[in-house]
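Two complexes follow with chain A in common, the first pairing it with chain B and the second with chain C.
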Partner chain A sequence: MSAFYSSMLTFAGINLIAVLGVYLLIGLTGLFSFGQVGFMAIGAYISSIACLQWGLPFWAGILISVAFALIVGLFIGAITLKLRTDYFALATYGFAEVVKTALIYFSDITGGSMGIFGIPTLVNLPVVAVIAVICIMICANFKKLKFGRNSLAVRNDPLAAEIMGINTFAHKMKVFLLSAALGALSGALLAFSTSYIEPEMFNWSKSVELIIIVFFGGLNSLSGAVFATLFLSLLPELLRFGSEWRMVLFTFIIIVTIIFKPTGLFGYYEIPLNPVTIAKKIRSYVKKIRVDRSAKRGERDAR
Partner chain B sequence: MNAMPGEALLAINDLRIQFGGLVAVNDFSMELREGRIAGIIGPNGAGKTTVFNAVTGVYKPTAGEIRFQADLISGKAPYEITRKGIARTFQNIRLFKGLNVLSNVMAAAGFRAQYGFLGGLLGMPGVWRQERGIEAEARLCLNLVDLQDYQYLMPENLPYGLQRKLEIARALATKPRLILLDEPAAGLNPNEVNELMDLIRKIHHELGVTVLLIEHHMEMVMGICEELWVLNFGKMIAHGTPAEIQCNEEVLKAYLGD
Partner chain C sequence: MIQQFVNGLSLGAVYALIAVGFALVFSILKFSNFSHGSVIMLSAYFGLWLSSTFKVGLLPTLLASMVVGGLIAVIIERLGFRPIRKKNGPLIYFFVSSIAISMFFQYLMTALMGGQFFMYSDFMKTSSINVGDLTIPVLNIYMLAISTVTLIVLLYLLYKTKIGIAIRAASSDLLTPNLMGINTDFIVSVTFFVSGALAGIAGVFLGLSLSVYPQLGSLVLKAFIATVIGGLGSLGGAVVGAFLLGLAETFSTAYLGGDVTPMITFTIMILFLLLKPEGIAGLLGLGKNAGTTQKA
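Up next is the complex of A and B:
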């Protein structure tokens, strides 16, 4: 594989990890947060600083950055998760902006708006792929178990959810923290694959990009989120023939999809990964073909 | 399931709920013994649903206290009260859209699953077994209300009468000792009302669940309740057996005017 495609896929995989966090938070639980990019920035900066300034190995840096994001997430979640949806969106947007401003302000540690150079590129495609698959499995478990049901219940009717014995605040906190951890992990991997980070990489538009991907794939479908990330991360490159029109084309494709399929590309559909389920689906499909064929034969004979 | 004589399952003492200047419930007291089917009736806006909301923790009482099995529950969060054994249905059906019929019921049984957040996410052994246990319990609840054939449908695609039954199944999945039914017969046809009465008796007999219901459907109230409280403008105006209530003058006045 050429270096170009390999780096494209690495970047898509890193994006995917952040998207998974947004999918759980906004897609399943309905907590409209603009803060994901803040956690990505925390992940990128803390892990780089731990590696370059404290001399820790990069994996320790990544773990520390995730732990730090969890602590920040606990604090931010405690003060914002009781807010109504629109206020929650504003508060998390504010959080991400504060993080960005802090990165510029504390320039002797963070390098200010110049950013941090010379981070060792230790993360390549196989590493990202393995981590991304593990994250997908974690999210799949989340969705299949009571956490997924709790999320949908909280999203659709928080009062009824509470009356059905669900501690809605605690549940929202869990999702928020998981999403923060995924964001930080994604940010840290980004730092160790691009070798250079600056505050401008963690603009609010990055959060919007992640949110668009989730809506495009479908709020209720994990498969949709995964597919949409890979598709939309690679699409701008596939549209290269259109040169300056490619971003217009890219946006156009997204708008058309949302208009004609408001529940997203996948809706509620999940790609089955369980071998038993797949075997069952294939069997029922073969059966259907046979039935169709014999019905056709019957028609012909009748004629 | 025979309650000790004199010991109340649910005891409300001088409950007062005020929204600004409006007194929705005014010094209401009641004692519900275990193993009863009882009802709260009254004209529209009398404060019946507000009483339910106070019992389930949706509203905090302005004054007064509510005890369940002698434990003080007023002021506790709704999910804590549910976990203690009080379940309820809603007047305007509030099923979870986006979850199918079976998952709706499983969502209400979920708090009894023992696995933790990390263990669940990592798919630790035992998680899936517990999950199947929850599923089996949910299926039992669906069987009880006769919805087993609709497990994989979305609740919004069910006819109204079946949605009401699904709400009851979901409430039962929390394994309550007391179930509060808020106008379960609203919008049902006479046939469905009869079915509902049978279902409530079945819940009462087979599961030993105490039932407290709010209802406007007088035939049903008089048919299944053993004890009634009548509310008007937030105040209790009568308490007794259905037969006593039927000839109570205050009640007739409240319903028919002077």
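Up next is the complex of A and C:
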């Protein structure tokens, strides 16, 4: 595999980890956050500062950055999670902006708007692939377990969920922290694969991109989120558009999807990965074909 | 000090134009319309093109941009929001659609025009008036005066005309006016036209005072903040909130530096969200002015 494709796939994988966080938050729990990019920035900066300035190994830097994101997430979540959708979106956007401002302001640690150079490129495709697969498995299990069902309940009707004994605030907080951790992880991996970070990389448009990917794949489908990330990250590269027209096409596809198929590409469908379910599906499909055939034969005989 | 106050007022006046358009759409369709930003950006480009090609003055440019802004907003509503409305889609789809539309236009203009900054030819930029020891740019006076006049005209439109009454009726409930023989599709179009026209004026002013670039549309977030401070969905609150925001930004840029300004504004906003979520409108009882519900 050429270096070009492997670096492309690496970025797709890093994007995927961040998208999973957004999927848990927006798709499963209905918390519309613009703050994901703030956690990505925290992950990228804390891990590379830990590595370059404190001389820690990079995995320790990543762990520290995730822990830091969790603490920040606890604080931000405590303030914002009781607000209604629009306010929550705006408040989390404000959080991301404040993070960006802080990165520019504390320039003696963060390098200001110049960013941080010379981060060792320790993360390559296999590392990202393994981490991404682990994250996908975690999220897939969350969807099936009580945790995911509680999330859906909170999304569809918070009041009813509260009556059924779910502490909605605590549950939202859990999801928020999980997505913050995923965001920080993805940011840290980004820092160790590009070797260069600057505040401009963590813009509002990055958050929007993540949200749009989740909507494109389908709010209710994890497979959709994974597919949409890979599709939308790889397609423009493969088609070799001029870089400026790529995002035009990208956003146009999204608008068309939302208008004509608002449940997203996958709707509620999940690609089955469990061998037992796959076998069952195949068996029922074969049975259906047989039934159809015998029905046809019956018709013919009757004639 | 007074100098900063005047600058803050004129910035606030432009924010008020954006915020009122934003709040108008919010009061009827109950979603935060981010595509408002792309109307601002597109009409800034249009005003630039018009004034540089035909060498017309400020007022004709403003009027033409108003019309064009309104038409753009109507087209966006037709193509981007009406299909969702007809399917009774949840509010979140409107929200995402508006974000996607604003990103689409931002990238489209980046692709077409390049990311560079365009300046309006200075047909009035250089001049300024001296009052005592104050130096007030003429542009600021125009911004303040024209914005105020436009807002007063809007107020007249909303309270004294049949269409205005229909808009206010639709803002408390979109279904009932339909039963009363009001064409709600038409009312929604008119609302978008009015909000787009306001955005058109604001776009030209922002283009004059800053410059014209594809990310100009992100200034719609200031309107969002202003409407939160003012109380989401209330027009009077939005105006007050916009002026407060303009003043706060100008003063914090002047005394604390431009880097810290976003932090200050967002802190103010978060404080409002936590302590007074119904905004200034809730404090002053302005909410009923525009006939909007406080449910929002």
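Here is the rule we go by: the second predicted complex is superposed on the first by the 289 of 303 C-alpha atoms of A that agree within 3 Å, B and C clash if a C-alpha of one lies under 4 Å from a C-alpha of the other, contacts with A are read in each partner's own complex, and residues count from 1 in each chain.
Simple rule for what comes next: a residue touches a chain if its C-beta (ideal position, glycine included) is under 8 Å from a C-beta of that chain, and two chains touch if they have at least 3 such contacts.
Please read all numbers here as calculations on a predicted model, not as lab measurements.
Q: Based on the superposition on chain A, does the combination of chain B and chain C result in a clash or a fit?
A: fit
Q: Figure out whether A:Ala302 sits in contact with chain B (first) or chain C (second), or with both, or with neither.
A: neither
Q: In the overlaid three-chain picture, which partner chain does A:Phe215 touch, first (chain B) or second (chain C), both, or neither?
A: In the superposed model, A:Phe215 contacts chain C only, not chain B.
Q: Quick check on the superposed pair: does A:Ala153 touch chain B, chain C, both, or neither? Answer first, second, both or neither.
A: first
Q: Can A:Ser205 be said to touch chain B (first), chain C (second), both, or neither?
A: second
Q: Touching A:Leu83 in the superposition: chain B (first), chain C (second), both, neither?
A: The second partner, chain C, only.
Q: Where does A:Val98 make contact in the superposed view: on chain B (first), on chain C (second), on both, or on neither?
A: second
Q: Counting touched residues of chain A, say whether chain B or chain C comes out ahead.
A: C
Q: Using only C-alpha atoms, work out how near chain B sits to chain C after the chain A superposition, in angstrom.
A: Minimum over all C-alpha pairs: 13 Å.
Q: Shared contact residues on chain A, chain B side and chain C side combined as an intersection?
A: Touching chain B in the first complex and chain C in the second, no residue of chain A appears in both lists.
Q: What residues on chain B touch chain A, complex-wise?
A: 56, 58, 77-79, 82-83, 87-88, 90, 94-99, 103, 106-108, 110-111, 113, 115, 117, 120-123, 127, 131, 134, 170-171, 173-174
Q: Quick one: in the complex, what on chain A touches chain B?
A: For this pair, the touching residues of chain A are 137-138, 141-142, 144-147, 149-150, 152-153, 155-157, 159-168, 174, 178, 220, 268.
Q: Which chain C residues qualify as touching chain A in the complex?
A: Per the stated touch rule, the residues are 31-32, 79-80, 83-84, 87, 89, 91-93, 95-97, 99-101, 103-104, 106-108, 110-111, 218, 221, 224-225, 228, 232, 259-260, 262-263, 266, 269-270, 273-274, 277.
Q: Which positions of chain A touch chain C when the two form their complex?
A: Residues of chain A touching chain C: 30, 32, 79-80, 83, 85-87, 89-91, 93-95, 97-98, 100-102, 104-105, 204-205, 208, 211-212, 215, 242, 244-245, 247-248, 250-252, 254-255, 258-260, 262.
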